[in-house]
Amino acid sequence: MTYLGLFALQHRGEEAAGICSSNGDHLFLEKDMGLVGEVFTEARIANLKGSHAIGHTRYSTTGSSSRINAQPYCVDYSRGQVAIAHNGNLVNAQVLRAELEAYGSIFGSTTDSEIFIHLMAKPNYRTVEESVVESVSRVEGAFSVVMLSEKQLFAIRDPHGFRPLCLGRLGNGYVVASETCAFDLTGAEYLREIEPGEVLVIDDKGLRSFYPFKDQNKPRAHCIFEHVYFARPDSTVFGDNVAAARERMGRNLAKEHPAEADLVIPVPDSGNFAAAGYAHESGILLGHGFTRNHYIGRTFISPSESSRSIKVKIKLNPIREMIEGKRVVVVDDSIVRGNTARSRVALLRRAGAKEVHMRISCPPHLSPCYYGIDFPSKEELLACKMSLEEIKKFLDVDSLGYLSVEGMLAAASRGKSDYCAACFTGKYPTPIFDDVNKFKLEQKRC
Amino acid sequence: MTYLGLFALQHRGEEAAGICSSNGDHLFLEKDMGLVGEVFTEARIANLKGSHAIGHTRYSTTGSSSRINAQPYCVDYSRGQVAIAHNGNLVNAQVLRAELEAYGSIFGSTTDSEIFIHLMAKPNYRTVEESVVESVSRVEGAFSVVMLSEKQLFAIRDPHGFRPLCLGRLGNGYVVASETCAFDLTGAEYLREIEPGEVLVIDDKGLRSFYPFKDQNKPRAHCIFEHVYFARPDSTVFGDNVAAARERMGRNLAKEHPAEADLVIPVPDSGNFAAAGYAHESGILLGHGFTRNHYIGRTFISPSESSRSIKVKIKLNPIREMIEGKRVVVVDDSIVRGNTARSRVALLRRAGAKEVHMRISCPPHLSPCYYGIDFPSKEELLACKMSLEEIKKFLDVDSLGYLSVEGMLAAASRGKSDYCAACFTGKYPTPIFDDVNKFKLEQKRC
Amino acid sequence: MTYLGLFALQHRGEEAAGICSSNGDHLFLEKDMGLVGEVFTEARIANLKGSHAIGHTRYSTTGSSSRINAQPYCVDYSRGQVAIAHNGNLVNAQVLRAELEAYGSIFGSTTDSEIFIHLMAKPNYRTVEESVVESVSRVEGAFSVVMLSEKQLFAIRDPHGFRPLCLGRLGNGYVVASETCAFDLTGAEYLREIEPGEVLVIDDKGLRSFYPFKDQNKPRAHCIFEHVYFARPDSTVFGDNVAAARERMGRNLAKEHPAEADLVIPVPDSGNFAAAGYAHESGILLGHGFTRNHYIGRTFISPSESSRSIKVKIKLNPIREMIEGKRVVVVDDSIVRGNTARSRVALLRRAGAKEVHMRISCPPHLSPCYYGIDFPSKEELLACKMSLEEIKKFLDVDSLGYLSVEGMLAAASRGKSDYCAACFTGKYPTPIFDDVNKFKLEQKRC
Amino acid sequence: MTYLGLFALQHRGEEAAGICSSNGDHLFLEKDMGLVGEVFTEARIANLKGSHAIGHTRYSTTGSSSRINAQPYCVDYSRGQVAIAHNGNLVNAQVLRAELEAYGSIFGSTTDSEIFIHLMAKPNYRTVEESVVESVSRVEGAFSVVMLSEKQLFAIRDPHGFRPLCLGRLGNGYVVASETCAFDLTGAEYLREIEPGEVLVIDDKGLRSFYPFKDQNKPRAHCIFEHVYFARPDSTVFGDNVAAARERMGRNLAKEHPAEADLVIPVPDSGNFAAAGYAHESGILLGHGFTRNHYIGRTFISPSESSRSIKVKIKLNPIREMIEGKRVVVVDDSIVRGNTARSRVALLRRAGAKEVHMRISCPPHLSPCYYGIDFPSKEELLACKMSLEEIKKFLDVDSLGYLSVEGMLAAASRGKSDYCAACFTGKYPTPIFDDVNKFKLEQKRC
């Protein structure tokens, strides 16, 4: 079941995969670099004894991408064994790590996730639950976490609710997953989100919740980029279906940036739903302008220095007959560095497009994310380097339209103050410690 | 370049991949089971010396799928070395093989492709070109073939033109490929198709053509299923862009089988263009109803006997918010056994579809293909086992519409007599020898 | 150099191999299950930047044999990074681990070696050197340890000197290794042993030693089984060349247990030197009675339940022409469970040996080793289950002679009180804590 | 059983391994580059259905070392399927291949072994047996061959008997192997050699023999180098036990080249038996002077250009304590290029040897072998480049003694005219065709 769930959540991390199971007495761990389908063989799945398990697909934001940082991270400590799988980023990792090391902790990985377990291992607590609740209170930042001990499973979400985490029921049991698409695959029934700030304990006695941040009035800060790009369209996160939110973004984009054109085409598959919304709102025909090559994986050997543009072309080839002589609206979810977008426009022009109107279903990216999305540095972000007019020229498009922050947030159903849009606005919902980047950059490789 | 071309043509065969190159004196061969990206490492590419090469991606229709049958198939014979890569199927393979063996030939593979080389090796011919021309005259069936000797490259197409084969120019050189999408990737310029019945020789002296079947008035028989499903949408085959042909099929489908519905959704990606055509013709909104999981490859380990339906679900998950309460037209390219289609309808119903109208952009499959497409046996073909009404019930759809043979052929721009639609009509454009299946079935594994 | 050294020391551990290097700022680690030649590729060696390194080949005595327990074990802590490689076993591991966990330590492996680092990480110490010295004072048992920090290398040996550890000079630098055979390979010059109880620091300033156990009068307890079996014949350990010690054991064995025989043959290669000693002392001809198959590794697939005897036979096949009709003295280093010895005698009888006289160059094994050799449990030790007469019958030999404890110790040049022979005598040179086996057995797999 | 046999015969070829089995209707083949233990997994062995099989370990003498030349070589032809495994080299391969190609044969490998099957495939024969007998009559050179068809096994040996091939009984069945050591392992009973010139058929009806060369009076020419080096000591080949023959060579060597010395040491393991013979004859003490590292396989990564001498050292390290101050006789089986021998003498000197007397248990190698042993070219053979005195100087030995041709042949029990010693004498027992080297050198890689 956990293996199936990881397949459904593979898009959240393609770097490493792991599962830790418990038979009630011991934990069993299998993890490695690679995709879920590469890491897990029948033999490795057979090693994972017992009937409870947690899994993880890693997308590295802190720590290096070596095997040592694959999760779940599993240790022995005074109360037995415990394994952790963490989505998100802590903002006070550096502070906590320094403190823990000062008191004698040794770190076996370079991820911030290990901090949770060191905090729990402190001798101050009477029960595991108390240790979890107290430890969680110390960390700051984004964390959707599952932990497994021999007999209990914990599901924890930071008080801001940066990353999704939801609860489902499967037969007599419960399942927890970042996105509901994992429930669809395993046949589980969606119950509710883990609440921001909730520590949920699942064991033989059923469900029990703790709310360590109850009185702190921490603002909600759901990552709007989950809706724009990160989450899977068939998932429901923060109460909204992702595909529907994207369609609404596309509609809002059409209202904000209409175009005189013959055809709306998405950049597949990331722009599919926003393009449909744009087309439906504008009344312009929706079509397909690119063929996507699904075979191009990480194994591709670039024949020469021109590899970057060949990689763009091998992945998405424009279909001349669909485009030639047409005024085309190309809809994509976002522009980061701009090189890929630029190569694609060139391909469309070479395929005979009369006009190219680019529409982006989110605002320009201007600021780093400290909560779990790995954008390039400011120096590399296109919108930090150029004005809109310059970007238009750089991309060689006839017109360019980014969805506004308001238009984007209006596409989600909660009040706009409930979302984090810091990567667009620079307004961070938590304090950002001076050394937050230091932790990111100085992680040593071991 | 050949490696790039194979990436573009990976969809034509996922079972094995190989490249044979020549440095003017010797041939160099690398091939193995697996996808192009799995077979070729930098070291293996470096082994392929020289500046001429042919490549192949294998989709097994005859012969077993073992490594021995991977192509190019390369041998030493009286004139030196020669390698062959073949797309298609011979219909007189059994006859020729028996004859060749009777005269002392030994076969190292179980593919019909090896027959070409044995015929060429006969001592009767004065030149390689003569040997190619005479050998090609003996075989019957579908063959788009490239051959490489130390100093020459041959491109050969059967007189019916069953499978595509086209010629491009790249700098001062020439490239030959099954589909034009390989040209787009390598930057080659499309020149023309290899003519049905043409034997094209490329060497230092340039291009030279022979027409061994000139006076035989063999009818053209382009495989219409290349347009329906097999070829890539961005390719031009038999003079038509595939995506455009599929859109026209979708339009014809809408005319033949209209529906009262709220939304047209494709089965991605095979139904994408036909769905667009259907939507544009009918005026019904075009949307996305499924999320496709691109990670599900051949590595997936099915957890139990329910694996088939889980594989369907893991690959395409319906998006409830797009479908719930709606009357949906689902457009796919074809139904073969029917199990996958049935599972998908069930998923749509569970996701809340009010009505499901299935539209298929080709007629029902009723007959085997002897020319290179590997359909299941008649016993397994859904349309051979059930009436239309029974299929409707089996699939649990509110309405079902297959495109007619006429509607399908009208979507391609040549006269309808130029196409082979035998898998729908049972009318084979060549004699079918009694033992054609014997060859297919009795191939021994070695 | 470290890689070469590991090749020379492969016999000390065939289960896992690893190297950790330092470039002065960071540590770099590569380790995995398998032999040195399997674990290290050119790419992995290239990853190991810098000019200082430690390595390890693992032979599991505590902890499970999973990848998590491969060494060097490398962590981040308050003073930076540190890696440890440990030969030997602690006898108070369970006590220390419980204490460390009680104060909040979390354990990432199940080896006792990790305890050293947790002790060092305690906040009580002013310098790394102090932390090492103080930590070492807490542990009890057998430990020949090397540790690497960014700028220093530590070589540590327990006060009893159970396991060997020696110092060499290579150019301007120093090397430390378990056995001198590693020096021969790398071209280093042997300087001296690391003294029992010595903590040697090697850094830019040169060599510096600390003696934390100076005043404790701990008795020397060199493992005599290193001479009997474990160390390589070309090494010098505890001041004696191993091959020469084995020859003396063979001579003493001939004096204690003479035989009327035609030929002395060793069980190759473990009995080679003792057999030579026996032959030279007795004047009986030395010959070769077995062919050793060097290809039989861990990859051998046993065809059936009779696999054990086939494995014996595939490894050593008797040569009929050397043995037939002869009275043979077979010399081996030891008998543990007895099954292999029994199979070999049967092979010799079938090959026509007239008489088989077995001579063993050490006394019967009667007690467990807590210091780093992994003997089977008492229940499995042949000499614990049978009298000498019964063993003779079980093995089906005409006579049987074990070297006496005195004869064995007399073959080494130090006073007999300087050696540990506990596996033969049951007299342990350290206290044995009640839970020493508990640690061994209850190590959880993670 | 075949897998076990290959393990026993691994020393005859370390490059590739394969097994072909028959279930009475079809052949099943598994082969690949690598050692037996690397090539065969449980899954691959399970693929080999049926109860008859042949196997091969490849040592490349003709043809390149690519996978295409791994054996058994298996094909389809007019009479069904047939697989061949061949030890030895043909001397008229080039002639036959040219003739076969001229009549239309195509070659899938670059080994001479494929020629047998092409000859058999000629349409001239009424039965398989006739085809085998007639084909064998055409080839000239060294061939110990096994062939497998669906229902028959053939064992064939050239009329000179260059390579060994013997017959055993196992239960109700028969086994054929190059050396008797394979019988020991599988529990088979040795019956007799396949006679030189015999074609033995094994099938349901039992054994049947044909003697195609009966009237040709071909001289026996058993390869004496099998006794010197190639065969395993526990095997009986050409009627003599190999170990015993080697001991006699050592004795003869002591008679021909006595030495004043303190110790006789073998180069392990190749010199073991000759050293014992030398010691027993001379009365000088037999000892061990080197430690052999069994872990050094093909995986070793040489750290630098000094790799060759490190490889010598890593494989065999001298033991100073055994050698220092002594006059040592070093016995090895042969010297080819001389570099390894030279490095070993240097190691012995560095280890303190007072005098080094080298004794070689065969004469100097002067001529190429065309019958299946892959010596380097004349340009690389030490004895072709230097006089004895120069070799002595080059190796830096105090004395040097090669066994004479007479002394070598006297150690085997057949008359000296029954052996081939062409690599020492240049007297070839077959005609050597002009192009025999051409075939060897011009084999094209494909």
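As written, the chain order gives the labels A, B, C and D, with residue 1 at the start of each chain.
Note that in this section a residue touches a chain if its C-beta (ideal position, glycine included) is under 8 Å from a C-beta of that chain, and two chains touch if they have at least 3 such contacts.
All of these numbers come straight from a predicted model, not from anything done at the bench.
Student: Please name the chain that ends up farthest from subunit D once chain centres are defined by their CA atoms averaged.
Tutor: A
Student: Can you give the whole-Å distance between the Cα centres of subunit A and subunit C?
Tutor: One centre to the other, that is 49 Å.
Student: Distance-wise, how many Å sit between the C-alpha centres of subunit C and subunit D, to the nearest whole number?
Tutor: 37
Student: Between subunit A and subunit D, what is the gap in Å from one C-alpha centre to the other?
Tutor: Each chain's C-alpha centroid was found; their separation is 61 Å.
Student: Residues touching two or more other chains, restricted to subunit A: which are they?
Tutor: Not one residue in subunit A touches at least two other chains.
Student: Please categorise the chain-chain contact pattern as a line, ring, star, complete graph or other.
Tutor: ring
Student: Can you tell me which positions in subunit D touch subunit C when the two form their complex?
Tutor: Against subunit C, the touching part of subunit D is residues 1, 3-4, 7-8, 10-11, 35-38, 40-42, 45, 181, 184-185, 232-234, 236, 241, 243-244, 269, 272-273, 276, 279-280, 285-288, 290-297, 299-301, 303, 310, 313-314, 317-322.
Student: So in the complex, which bits of subunit C are touching subunit A?
Tutor: Touching subunit A: residues 26-29, 68, 74-78, 81, 101-108, 110, 117-118, 121-123, 444-446 of subunit C.
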